[in-house]
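Listed below are the structures to be examined.
You will see subunit A twice below: alongside subunit B first, and alongside subunit C after that.
Coming up: the complex of A and B.
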């Protein structure tokens, strides 16, 4: 398993570069396969509710492109002359929207993998000294929203168990316990930061990260992929000119394939029964 | 078209692109333009064809065609007016396709063809014209090209204006003859390279196998 946050950072950068630059549908499909593979060893670690959001985000460009673009040869149907949406709806416009939507889907998927595989505390731990305090503050602030949501859901469940209403009208009765819980949590954060000597000037290191062979391999593969993706000639996909995408460049295929190294190393490693808590 | 270009020998330092202009009355004029560059814009094609034209620049958006071959007789206010306008098309395969770009940013390479049609309403493509009927057979060797262009010397050939045009004088057959030659130009079978597909297929299969292995393992 890849553990070093820097290795994950390199992988994320390479995967995002591929998602932004490669618009060839074959390359995009391969990248999605790679991202799913990298995610699989970490499934079940956290509930991944992002896929619904990602799919919704991917549908928006398809809808907009199909409804607003009047170019293209392959006409699906023609609407009467209604303002804005009237006219020819073309398959080319749908393909263009799908290509954009696919890129958005990939971006969200890459971040979802990063979020599942790495704890934000691990990223804070590798920050350089001057950024440590700011990093800790940002990490705490980012953790605040999901924790508040979880608290809200547990309060709602508690009310449901007692047979009380959970609709909009019960909002005041929900908000007060939520506020109290949040204040309580803030006090706990403060105490635990104090107990760990936050702000005392010295910084302790708990379980420092060691570079393992798979970590190094992931960094090397990711840097190679970034260079290849940036330098190799891009064949942009323009469905208005040619609906059938061009044959992908084999070198670019390989560059995307390099991003699967975390999945390969996970499949080769022993099953990690001693799951770590950061 | 790409396959046609790839098999062209290196001697083709002079490239050709075709221009088809169809008036509202239905009359068609065609021009073959020779150029030494790898590519020219649609606007350059019109400029070099010597056809009278009046365009208006819209800044970063590009230039719009207001008047072509004296149609309309005066440039309407705001370039387009409210009635018919010059619609711009590219030849793709066997048909016309509305250009996604303006003439100043569209690109023509050797063997490409542009069409203009003065019409009202969206997507009024000009009549069917084959590239070969304007510029001769695209892959013809020099000797064949010479005979091709030797046949109709000056029945309806416009006076060559650009110096490059003199190298390959264009022939404009009668409109009805041009419109009669329908159907896509014959293309040699495209050689499909297997390498990329094999790479793509094998990588997809490898990734699916990897996914199966990781799925069988206990989730952490």
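Coming up: the complex of A and C.
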């Protein structure tokens, strides 16, 4: 498995570059496959919520584009002349929205992989010494977000139990208890950090990061992919000009394919494991 | 030399009008085990926080006197330096972790000490074995249960090789099995390492046999006594001690094992407790008017069933205790009856208003004063809180908050549904809660309480339901259900048997 946070950093950069720059559906589909494969070894660590969110996010541009754009030759149906959504709905506009939605989906997926594969504490650990305290503070704040959300839900439910309104208009009334709960927790965290000697100046690492061969390979592959994506001619996709996407340059396909290295390394180490146990 | 010395310690929180601790002088010798007792709000947490310098360094306020930890004065050394001497375990299992997985968490304190890697590794491996958490080492903290978290917290404290462990009600948020696992760890460290330990704990009956001294705090004043004297005087104490005092057994047995010898002196053939329900064959659920009828209830989360094929009738005038291990479906059942969730199958019919008080009653209170919380309630409901009306609800002790939340929610309810209301409460507050529920029941309400607290249920309930795997597998009066159980048995029923549950009932 890839462990070094910097290796994951390089992979994320390359994958995001591919997601932003290439709008060609073939490349996007390939990238999605790659990202899913890289994610698979970590699937136990994450709930399905992120993926539902990503899919919902991807649907938004499709709806917007289809409802608002009147361009394109391939008419699906025509609505009567009501404001904004009236007129011709075209397949071209749907395809254009889908292409944008696909890019959003890929972006969320790449970040989900990064978040799942690397603990925020590992990122903190590679920070240079002067940034360490600040980094830990940020990591703690991030760890707080889900807890604050849970507190918000319990406060909302409490209001409901007491027969008070829970709609958006009651949000200010929810905010104060939420703030108090969060502050109380933060104080407890502070005490715990203090009691465990945090910030006493000295500092060593329990698990220093070593560059392993797979880590280095991922960095090399990612850098190569970034260079290729930046230098090779872009594979654009404009459904209004041509609904059927052009077949991309094979070198570009190969560049996106390089991003599968973490998945390959994970499956190899699994095979290795299996052999040890056999 | 004592590990900890308290020398005329007084402390007052900023802006408080009364001192939290006054003139405390005591010492902890190496290897001693000290139990700290006292009603909630008596200053137990404050006192324990003095031992590693959190008071006054993190709290501010007015501190007088002197605390010496291994010769270091806590006024001059901040908590992060005292951390190597005092391993501290907090009450709330979720607010003391920094990193994401167990092993990193165990090493966190060692990293802060700047130890080299091979020494850290050795320490981590050792505490993993000492505390017995090898199966947890690769787990993520957020996947651990409360009891597992507390064991990890103990291991993390132990890894620093402290001179003493200080535990602030480590089990008050846990169910009995998890609490037992955590106390097992503490007792093992005491037995195997001779670990110097100061522990505040409500489960007195579990640790009383192992302690050297008992510190009893009341309104900031400390009494430092040998266990038998402290327990005879009062406060939280094991039921066997109550029985021993009634029966005049000396020396007072502190645990079941000591008590067995004395128990043989009890009349050999007392009439077993009259048990009409058992005589009649099967138990009838009472005679009062039905307030809620549940039939064929089914509910599952994803694939796991939480409640299955459950039928139940609740009647006015009854306090019903719902017991069972964590995850047996108790909370789901309460929430279904309260109408917070819709059942997937089956029916729930109400005749009256139902009110539900969740485990974390704190979130129910958010007005700036008690007075405002109680606005619109009848004078009868407000009366018991007359003394606190101007206070800020979150400054009340946990028992007081619980009381306020129950009064608020249950004021007009015909059916009161409570989830673990006694968790973390001291004996006096539990008795008050018990009395309140009895009064409400005799006033015509029906009460269903999910609880792990066997002793309290035996004292409070008319009827006990045992639940496992989403089903009710035992239903009857406490004397019947709680006396022939291994897990849900009171200490007296383990000692005397024959259907007797409480120390005051046993015929002498």
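Everything that follows uses one rule, which is that the second predicted complex is superposed on the first by the 222 of 278 C-alpha atoms of A that agree within 3 Å, B and C clash if a C-alpha of one lies under 4 Å from a C-alpha of the other, contacts with A are read in each partner's own complex, and residues count from 1 in each chain.
Heads up, the rule we're going with is that a contact is a pair of C-beta atoms (placed from the backbone, for glycine too) under 8 Å apart; a residue touches a chain by one contact, two chains touch by 3 or more.
Just so you know, these numbers come straight off a predicted model, no measurement behind them.
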Partner chain in contact with A:158 - subunit B first, subunit C second, else both or neither: second
Touched partner set for A:70, first subunit B, second subunit C, both or neither: first
Touched partner set for A:120, first subunit B, second subunit C, both or neither: second
Subunit B versus subunit C as contact partner of A:196, first or second or both or neither: second
On subunit A, positions contacted by subunit B and by subunit C: 45
Interfacial residue positions of subunit B with respect to subunit A in the complex: 92, 95, 97-98, 100, 122-123, 193, 195-197, 199-200, 203-204, 206-208, 210-211, 213-215, 217-220
Of all residues in subunit A, those that touch subunit B in their complex: 1, 26, 29-30, 33-34, 36-37, 40-45, 70-73, 87-88, 240-241, 247-250, 253-254, 257, 260, 263-264, 266-267, 271-272, 275
Subunit A-touching residues of subunit C, taken from the complex the two chains share: 49, 52, 54, 57-58, 78-81, 83-84, 86, 88, 90, 92, 94-101, 103-104, 107-117, 120-121, 124, 140, 156-157, 160, 338, 340, 355-358, 360, 362-364, 366, 394, 408-409
Contact footprint of subunit C on subunit A as seen in their complex: 45, 119-121, 136, 140, 143, 147, 151, 154-155, 157-158, 160-162, 173, 176-177, 180-181, 184-185, 187-200, 202-208
